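Have a look at these structures, which come just after this line.
Here come two complexes built around subunit A, the first alongside subunit B, the second alongside subunit C.
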Partner chain A sequence: MSVDLSQDYFALFGLPRRFFIDDAALEAAWHELQSRVHPDRYAHLPDSEKRMSMQWATRVNEGFATLRKPLSRAQYLLELAGVDSGLETNTAMSPEFLMEQMEWREAVEEAREAGEMGELEQLHHRLRQHAREVLGGLAHQLDEARDYAAAADTVRRLMFVERLQHDIDEALEALEE
Partner chain B sequence: MALLQIAEPGMSAEPHKQRLAVGIDLGTTNSLVATVRNGIAVCLADETGRSMLPSVVRYGAEGDIEVGLAALRTQAVDPKNTIVSVKRFMGRGLKDVAHAETMPYDFEDSSGMVRLRTVQGVKTPVEISAEILRVLRQRGEASLGGPLVGAVITVPAYFDDAQRQATKDAARLAGLDVLRLLNEPTAAAVAYGLDNAAEGVYAVYDLGGGTFDLSVLKLSRGVFEVLSTNGDAALGGDDFDHRLYCWVLDQSSIEPPSASDARRLHMKAREAKELLTSSEEAPIHAMLSNGEEVDLVITRDQFAEITRHLVQKTLVPVRKALRDAGLGPEDVKGVVMVGGATRMPHIQRAVAEYFGQEPLTNLDPDKVVALGAATQANVLAGNRKAEDDWLLLDVIPLSLGLETMGGLVEKVVPRNATLPIARAQEFTTFKDGQTAMAFHVVQGERELVSDCRSLARFELRGIPPMVAGAARIRVTFQVDADGLLSVSAREMASGVEASVLVKPSYGLSDDEIAGMLQAGFEHAGEDKELRALREQQVEADRSIEATEQALDKDGALLSAEEVAAIRESIEALRKARAGSDGRAIKAGLDALARATDDFAARRMDNSIRGALAGHKVDELEI
Partner chain C sequence: MAYSEKLLDHYENPRNVGSFGKEEDGIATGMVGAPACGDVMKLQIKVGKDGVIEDAKFKTYGCGSAIASSSLVTEWVKGKTIDQALEIKNTAIAEELALPPVKIHCSILAEDAIKAAVADYKKKHQD
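Moving on to the complex of A and B:
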């Protein structure tokens, strides 16, 4: 077996390399791997083994965190496919999308300033539904059509959505205090 | 691939050979030490049969140090030199300490961690905590009949890096090898979960003497996974005492009392609070030093009323932790109550109301943390048996970040990330020939540096000189299983490892710790060299044993020459260990580590492949 475990998280977790994954299998593999590499299993061993355990356990956690969330999993798949999703630089989004974003953002701002917790939670809920629809499309782009350029575009859209959700979380937290 | 027997790391080859380890609950009000005896976790008692050691240290004028009940009893006599609730000062500056003005101590006003002037000189909270830990270590050794391999020490889940480091430093001063810093709610969950074979989502509501934690855990098939944690590192039973104390002053309209009267009234307040757990009302009676008499009665309802805001304050972290876990109160299967303060009836009522179910109170809220820690210590020390096949996955409670332009924080490690975790970031130089770079690491959730905890300033040195912007310095932040941060840096173009100088904001420097250790040896009349030699001998024994076990199990991964080379290193170390030259032992240890590095890597790789073998390897698309 020549799987390079240090290179590919899908291989590390024994999962096929695709966007649609079995969440339960991912979690079971995470537990199984950690039960073998976690620092708690090496606490009584010499320092060199402790170090190795920490490196592996760190890597396994990183892999799990990357594969668990759909957005980071999609980004990772694009990275493996050699597609630069241009997340930092490429902001050439369609005007319709940008307009939509602006409307969302204004709604969040208004609710935040008015201290409308219920409204913020509503917005959060709607965004979640929106994200779910977009994710369905992403699964098709990545697993069936293998249209990575389109997938990269979708990933960028989802990043906007995620940032917005994060802002709502922060606003809710601030209002609670 | 050849079929190999996969060795389970950490399983004892010789079950009869128990390595002595303890779990310690270093509490704000009381501390406990526990161990696993015949497979059952038990708290260890002192010669009078008491297992709870009051976390009180008194420095006497004659150079004597009292810890525990004796110190507690004399606290009103000598409040300045009798330190209670020292945990509140760990890794904290003076301005962080609530009600400092009402405390009888003589604080030293300096930057960094708060210090107290006593009759025996200036003491740091680390040294004071070490006195408590030393008593517990001695109790453990006396009870188990030998030196300890190590200890698991519990900390509040919401403790930040500085508070954790201070706790670990205190253990080191007390001569304890820390196997792990374990979060208190997680320790409680282990004790509860293993006893009850619990499965599902549980919340642990842990209100101690001075700290509050709420952890949400998922228990499934032997895995204790912390989903989220939140809390308040400065909220506990002490605050209820203080509130009641203020009520007493208010009701009896007394002038600001003397230090010893204040202590006396605080003690009376605590007694009344405890009585109200079982009675509808409690008397508060005290004679003050100026002849004034305090004679009051408080009812349970009155007490609930004056402390209602404190109970409400605990529900804020509860909501936040649930939100971070993506759950609601209805998703929680059971709420485990931990800490003596959760005995207060109005707290149990508030928790029951919030979660819509009666909290679980079928375990001793004072002891459950120590018992869980002992269970974990037993396993970490290498006494794991086949049935101990459980695993803890804990998280970092607060985000780690770096100071950026304009005093803003850039998050590097998010809160509630499973440990261990590492995050790398790249930086570049902005001046030609720049060889050094400084970072400021903070912990907290706010956007402004000034609203977060300053952890440390790091200075990178030894960057190879290049033109501005050419150097690519990759800084790696590693948080280990104790929740402690370490930083390393490397210039990527040249591969040069930059050295990292750490200046902790609220911690002690390595030099300070070394000085305290030295003073400790002198005080105890111990020979430092001799102790270092013994420690090295223990380490050598441990390494030899571990390597031989590894060879027995996984020798098949090596060629005959490789096995011979490792055996040679073992023999060399064994020879050095028989002598009394510490440096020779150290050299032998280093040589053995080098000789087995590759073997260890192969064993790890093999074990990971073993995990994969349980899944559909043939389905891999590579």
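Moving on to the complex of A and C:
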């Protein structure tokens, strides 16, 4: 068993290179590969081969972590397509979008300060629904339209949504304590 | 990692937090966001008839460095003309607050917020 380190992650797991993937197939392929390259299997072999197996196992786990989450999978697809998602450099989001983000953040902050668990849960629910819609749009942009510039914009938006989700979770945890 | 005293001061006692009333004259707003960390920053300037920035306010949802950068910028733009304000560079912000390398993007966000606010002002006062 060996792993071709130059293969992209989709090829590594035998999946088509697209955003919409079969989660179960990814998980099955990961388990299969993981058990084949597990360092325990190489324990009795020379150090050079142990090192190789460590590299393979790392590659397999990194690939799984990247493909498993929709947002990192989308970022990876853009990277493979040679498109800069502009996460570090692009601060010019549409004003309407940023205003909406500001309002979400204010609502979370107010609910947190007032100890409104129910309100936070509702925000959490609304945001999840919103994220699902945006992910649906992203699947279309990446797999059907192949409009990578639009997909990069959506990925940037989702970064804010993810952060917001994190803030809401944190606020809920803080209130539960 | 130790943060500078100036940074902590701006973070703990942020200057000019808030928003101007919608009906006030000479108000322009710059909204920017950093996708990498999900920070959102709103910078408002109040520009006098002579083109000098009289006052500024900000609201930032983000890390301490982002809050400190925007707080600092509200102090720096006051008394400057809008064109002078455009000369404020992120490197100066980063230097003043001694931002660690991983937080440089916060100073870039603050610089972009000034640019966005000035652009909004110019758009509203084209004639």
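Going forward, the second predicted complex is superposed on the first by the 167 of 177 C-alpha atoms of A that agree within 3 Å, B and C clash if a C-alpha of one lies under 4 Å from a C-alpha of the other, contacts with A are read in each partner's own complex, and residues count from 1 in each chain.
Operating definition for what follows: a contact is a pair of C-beta atoms (placed from the backbone, for glycine too) under 8 Å apart; a residue touches a chain by one contact, two chains touch by 3 or more.
No experiment lies behind these values; they were computed from the predicted model shown.
In the superposition on chain A, contact of A:Gly137 is made with neither subunit B nor subunit C. In the superposed pair of complexes, A:His38 makes contact with subunit B only, with no contact to subunit C. Looking at the shared chain after the overlay, A:Glu62 reaches subunit B, while subunit C stays out of its contact range.
When the two structures are aligned on the shared chain, A:Glu173 is found in touch with subunit B, with no touch to subunit C. Contact comparison for subunit A: of subunit B and subunit C, B touches the greater number of residues.
Note for the complex: subunit C touches subunit A at residues 31-40, 42, 59, 61, 105, 108-109, 112, 116.
Put simply, subunit B touches subunit A in their complex at residues 1, 9-10, 19, 149-150, 179-180, 220-221, 223, 316, 319-320, 323, 376, 379-382, 384, 389, 391-393, 417-422, 478, 480-481, 539, 542-543, 546-547, 589, 592-593, 596-597, 600-601, 604-605, 607-612, 614-617, 619-622. Against subunit B, the residues of subunit A that register as touching in their complex are 1, 3, 5, 8, 10-18, 25, 29, 31-49, 52-54, 56-58, 61-62, 64-65, 169, 173, 176-177. Residues 85-88, 90-93, 95, 97-99, 101-102, 105, 109, 155-157, 159-160, 162-164, 166 of subunit A are the ones touching subunit C in the complex.
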